[in-house]
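Each structure below appears as structure tokens.
Common to both upcoming complexes is subunit A, partnered first by subunit B, then by subunit C.
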Partner chain A sequence: MKRREFIKASSYFCIYLSGGGSISYPFSFSPSKSTNLSRVEARYYEKLPDREIRCLLCPRYCHLGDKERGYCGVRENEGGTYYTLVYGKVCALNVDPIEKKPFFHFYPGTQAFSLATVGCNVNCKFCQNWQISQVRPEQVEAFDLPPEAVGLAAKNNNCLSIAYTYTEPVVFFEYMVDSALASKNYGIKNVVVTGGHINLKPLEELIKVVDAIKVDLKSFSESFYKEYVRGELKPVLEAIKLIHQRKKWLEIVYLVIPTLNDQELMIRQLCRWLLKETGPDVPLHFSRFHPMYLLKNLPPTPISTLEKLHSIAKEEGLRYVYIGNVPGHKAESTYCPFCGQMIIERVGYQIGRMELRQGRCRFCHSTIPGIWS
Partner chain B sequence: MSRDIFPFLLGFLSISTQIFLLREFQVHFYGNEMVYGFVLGFWLLWGSLGSLFASKLPFQKKQLALLFEITLIFIALTFISLRLIRFIWGKPFGESLGLTASFFSALICCFFLSFPFGLLFFLNVLFLDGQIARVYLLEALGACLAGLAVDFGLIPHVSCWPSLTIIGLFSLLLILIFSPTKKNWFLIASTSLILISLSIFDWTIQKIAAKPFPLIESRDSRFGRWQVIKIDDQMTLYQNGMVAASIPDPAEAEEIIHFALLQRPEAKRILLIGGGFGGAIEEALKYPLAKIDYVEIDPSVIYLLKDLLSPEKRAFFESPRLNLHYLDGRTFLQKSTDLFDIIILAGPEPSTAQLNRFYTREFFSLVKQHLAPGGVVSLRLSSAENYQNPSLVRYLRSNYSTLASVFSYVEIIPGDTNIFLASDDWLSIDFNYLVKNLENYQIDTKFIRPETLLARLNPLRLNSLKSKITPPFLETNSDLKPRGYLYYLVYWATQFGLTEAKVMEFWLKIPALFLILLPLFLIIALFCPLLISKGKAAFPALPLLVLGFTSLMAEVLILLWFQLQFGYIYEKIALLITWFMLGLLAGSFLSLRLGSLKALNRWLIVDQALILLILSWLFLLLPVKIPNLIPYLFLFLLGGVGGHLFILSNQPLIRESQSYGFGYSLDLAGSFLGAILGPPLFFPILGLPLSIFSLLILNFFCLIILLIFSYIQKR
Partner chain C sequence: MADKTKVIVIHAKGILSNSKPDPQRLQAIIIKGLTLLTSQEKDKEAVEKIFSPSDRVGIKINTIAGARLTTSPELALALTTVLNRGGIPERNMVIWDRTNRELKEAGYPLLTSRDKLKIFGTDTSGAGYESEPYSFRNIGSLFSTILTNFVTASISLAVLKDHGLAGLTAGMKNYFGAIHNPNKYHDNHCNPYLAELCASPPIKSKHRLTILDALLIQYHKGPSFHPRWATQYESLIFGLDPVATDTVGWQIIEKLRAEKGLPSLKEEGRPPLYLETATSLGLGESNLSRIQIIEEEV
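Up next is the complex of A and B:
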């Protein structure tokens, strides 16, 4: 069976699977359930002879014949024109604390209107949202939520920001960019939670329209990326460098998976690289792994491992290092790197004391980098 | 007499190997009906092919001992490979191997184990000069004793590999003593060495299999294998290869306890069924008025924890406010007359037919009888925080519908694991109510805190889940129609990809009538080629095919029925199977006194009619409360008629085909179909009564064919 036939057959099966059921969100403007795939032309691709195209959005550079879909499963070549199939097709929508993304230096204590469409351009074996990231649009129930409506919805739900999250927002790039632009009218901020697997040109465009980006750095090893992520490390590092160079607010999350990416030497190298390329002020979150998806039988990360890595990062000179997914741990809170005082107290997603005054430590008046209210 | 030891040994060795193979599979793959179906199915299929092909191979009687010795080596090597299976599949420790890997691993492992047993059956008949009835009878006796010896003598005291060493050396000794042929001492020494090394390297290989994680403890109990991995100050407890708990893991423990207790913070009597070993008891003891009854089926896990935990953590298990009951949860409720304010079901999800008993309408009704006025029951089910796929929604809806059919109020708290709360009195998952209780009762929690609750109980998330799960209701999950575990299996299969999910979904779409008739179609499809090639001589093959299918389906169904009625199958499984085997022995023994061919035909019809009668009684008694002797009786009768019919049908086949293994292979081929269709598909989709109905149709058809055959012969 040829690749094209296989995809065709799979698509038919997906359509078959997706029948039945209905959902409704208690939404102020009642979005309607999506019945078909979108057909909005993609922005980053090049046309090739014989109605073939090459996708230029992410480092995979998918080379596709007519009727073929990219690796992400949500972009399709139809007669030599490349379309995104998930433009405005939202499958997950929630209001989450911004700390859940996590952003710790970006309007702490506020709510983020969080949304996603189907699809992902990598294939992490520990994905928390595999039900929407590792499937085709036909397999998932989605809503029509046009970009112009996203900002209003966020506002009506008392959210300060829109978070493009859960799956990989790069795969719904056009929708994300348009929603971000449209939401400016409502004074809503836009944040992106991404794996960073994106080419630099589209990233430049994205940086211009959003307010903050959190990159999930899965490891500092190419072999880990190859085996557990089915992606590459190098483009992610390039993306991190560019985000920092363009002075967009950046935070890095590193999910620590026992024995797979917790080697001390590797973490030290990572910290040195971050220090060199992004400076000491980019927050680095070491997040605790909980058994998930295909790695369900691994033990969770021991707290002691997280603490060890936290110490290494501090030793290497990073100023804002956090431990995530361990509510109550003292490394969840922000400390002033100059006077050592706790300036933002956190327990889980809860903000306790805030000792910041106009972005400065209340005790020593040093500037704390971030975007503060 | 000395020659009789070999068929006995065949039965003993094959059943004990099969029991241990299933247990090892449970550790390395998921121990659900699908995986058991693969193992049992391929076991029977390869056995069938082995006995069938044996006649084509140039075997001689004197090779019997040699083949036994080679089989023993295969057993040892297969179990070693199975333990290191993840390396073969190139997967790291902790990664699910998936359905495809389970399928092919079962296919290959069973080939190396069951195919030689099939050959040995043929060779044994050759060795006993064609006395197939004698071989069958002795094999059944061996199998019967193996069940008892393994279940009572080995499993409670010795782990898997040392047990195999004992069984292997015992077999080798018997071969040495009773084999009349010249001994191959080199082979005997090599076999002994490999078998002994199983015991010596058991722990070492377990440690290698767990690498890079440090395995510090492993214990086998009647209920499976407990292993402990320790990294720094964190212990992770594995039950049959699956994470059972991490210690400390307050998030998990808080989830189990607090959502239920925050409903009734002044609860005095709390019943916790399962899941108490990861810190849940410690959390429950935070409520000062609470007295806790904890029901745990496997005492060995508590003993294990008491050995490993710090004195501070151990003290929780010795609290005067805690009563420990080592019992099946359902049995506990059936025996107890106590009422509880809160009942928390924290055992595993309904991933198997056995576990499904804790999620049925009947079980929830039993729970309701033990709830004090205003009492609350809580349970947890897999979910996804941000989006639930259709398979997951169906699974959750089925459970919701079942709870709602028993309780007036049901609430769900969304998350990566959904908490279901049910009661006949009011329930509140209002954010303010829960936070007020947390604060008023000064419950010290790390994860269940106002901010987490706010995100989790956000109306968007809550209403999205509710709108998917609440009415229209699905058919409820019941004891006799256990749909719950099928829905779980379908959802479980979706994470491995499209193909697996597609296969499972396909079965769900098939109309019930087609499924009821499917065994009939399959048996006809197998029988027709025989009929075309052998003509009238093929008629006795039909009851053998039908018998294989019927006896396997009915046997498993009776075991499930026993468990539903009494709940202590683990204690009695060996005894139950022994009764089946005793029936087989008695039936085979009676058939030895058979007279002419005419009598044979008459008896075949009588046996077939008796099977119909047994199935009809089973059908009628299924929903009735029965004395515990009844399932034993059914198994004995089923075994008896099966044994009798097997010998009878085989005689004309041997005369005709001159192949001792042909009839045996037909029986196993029928059983193969029963294993792959019955527990994973027929029981949950059709339910137990309709599954029996399907068997009744099949056996009725067989009876009609036999009557026609008899009529043709008379003419």
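Up next is the complex of A and C:
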């Protein structure tokens, strides 16, 4: 897709960096087109004999010889030193509603300065952004946006937060951490949208510098992860547990793919696990699948399936369960689990009525978990 | 013997001088290899046996390891000379790899003239990758348009090397450079991905010939260059069967490893099992007892 076509098809505040030429952006800064890859040393790896390295960032533990790249495609061993090639090399940049991430219990109605570099450490057959996640940095144009510029750009564009999203932020870990730290000077929040395929040590570092994390849990089955994600479930569950243990705001999204990960028994087991490990208050979003990338042979998720899984999650005791990618569905809104009243009305990414007062239901005054103001 | 798949190994002792091969001798080796492979008397007949004059021939080389362990530029150019004498017009040949940067670093001139031999990478303006992924078994990749659009017949002119993950990198693995996401296929020693990639129609339908550059072999710690474990083997290996050719290459690597007191790839837990998988997919022969190896000295 050409950049102009994308902009036309997207929201007003949008840059998708895939073409040349000049264009007037509604941003108060002008990123310059990147002409090279970054050479910033990675932070989680070990040096091995004979110019080999082992990456310690994610559960793949890529063991690489000289001149080889990791599974993510954006980290390279050069002479026995491991480098990130995408530090400050942004390939997608938008101002999005925070609801689009989705975060439903984190400053609703605010804007998130959303960015990505290319790359991903898994290879989901249903990836919605494969044109930027499943490529190498040489294959997509990028712009230079150093960490110290991200926070100011977010502030100048009236964004409360920076969202690291679209691809897999774990693969641009160093850039994300440095941007998050630098943005503190501007009072900007930082949120991460991730598949959770990260080792615990770097995750601990990440948790310290960001304000909220949304994990895309793709299934509750190892075999699904192996076949359709090319990753592992166990480390994702460990990541979810750690994020919750560290009291970092957490939301979970589950993309429901017809026939592949929509088994009711499995969803029930998942909900029980979430209840046990993270309690009843972590929001769970069941999101509607649309055929994409390497899974074009399946139909969109029937809404009745989403509603069934929603009811299972509620039966199991989860208090904040949502249905996503179905604009206008009543399960987009937040209801007080104690009095049943609608307390945040949503239609698509738009916020309607807000019946919260200082984090409490306006009707029964129960505390509603989240970060509200 | 007649039903065995044939692989030709041509040795050329002393062909390397200051690490560079003698271009004239290279042509002689290529002619010898192709005539033995096709059981023809003359080079033109050998070329005609493999290609049609209307073919647009892509020569996929391997430049990833840089100038010291690349498909030799002298070899690639000598091959185009032999093909040209065999009736393939220069303008219908392209020597290619992933990027222009790698080609240049490996010592190849970039040539894009319409009526002459072409040398360029997939990242050349006007080339690039297909816009939609091609899905085949476990493979989902964008293929280089050099392979899908320009080329009607493909030669894998690969470097024979040990590979830390795959065990072996040779003619088949060279095609990892024809897709946009080879990094996604290194799990499980590249098995079954490598076999499935080569069995995918964009490659299987066009691959005609494998030639392994075994002038310098990295028999350990590949695919990058480590002079300590590289040896001047001064040979080329020819095969119409991509699996059999790589199988013979593997045996040479094992022989060199044994001579140097190194454990076998199997003992190191990384035998190139993708060769067996390739056989099961009907790509060729991985059983040495069914391969006829013809060795000659030129």
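By definition in this document, the second predicted complex is superposed on the first by the 346 of 373 C-alpha atoms of A that agree within 3 Å, B and C clash if a C-alpha of one lies under 4 Å from a C-alpha of the other, contacts with A are read in each partner's own complex, and residues count from 1 in each chain.
Keep in mind that, in the parts below, a residue touches a chain if its C-beta (ideal position, glycine included) is under 8 Å from a C-beta of that chain, and two chains touch if they have at least 3 such contacts.
Just so it is clear, the model here is predicted, and its values are computed rather than measured.
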Touching partner for A:P258 - first (subunit B), second (subunit C), both, neither: first
Touched partner set for A:G70, first subunit B, second subunit C, both or neither: second
Touched partner set for A:D96, first subunit B, second subunit C, both or neither: first
First (subunit B), second (subunit C), both or neither touched by A:A331: neither
A:Q139 touches, of subunit B and subunit C: first, second, both or neither? both
More subunit A residues in contact - subunit B or subunit C: B
First (subunit B), second (subunit C), both or neither touched by A:R51: second
First, second, both or neither for A:V347, with subunit B first and subunit C second: first
Contacts of A:Q128 with subunit B and subunit C, given as first, second, both or neither: first
Partner chain(s) touched by A:L274 [first = subunit B, second = subunit C, both, neither]: neither
Intersection of the subunit A residues that touch subunit B with those that touch subunit C: 125, 130, 135, 139, 293-294
Contact set on subunit B toward subunit A in their complex: 92-96, 98, 212-213, 229, 231-234, 236, 238, 241-243, 246, 249, 251, 384-390, 392-393, 416, 446-447, 449-452, 454-455, 458-461, 463-464, 467-468, 494-495, 498, 501-502, 505
Complex contact set, residues of subunit C against subunit A: 64-66, 99, 123, 129, 133, 135, 140, 164-165, 180-181, 183-184, 186-187, 221-226
Subunit A residues touching subunit C - in the complex, by the definition given at the top: 50-52, 62-73, 123, 125, 130, 134-136, 138-139, 230, 293-294
Residues on subunit A engaged by subunit B in the complex (per definition of touch): 10, 13-14, 17-18, 20-26, 91-97, 99-100, 116, 125, 128-132, 135, 139-141, 157, 166, 258-260, 290-291, 293-300, 302-305, 327-328, 347-351
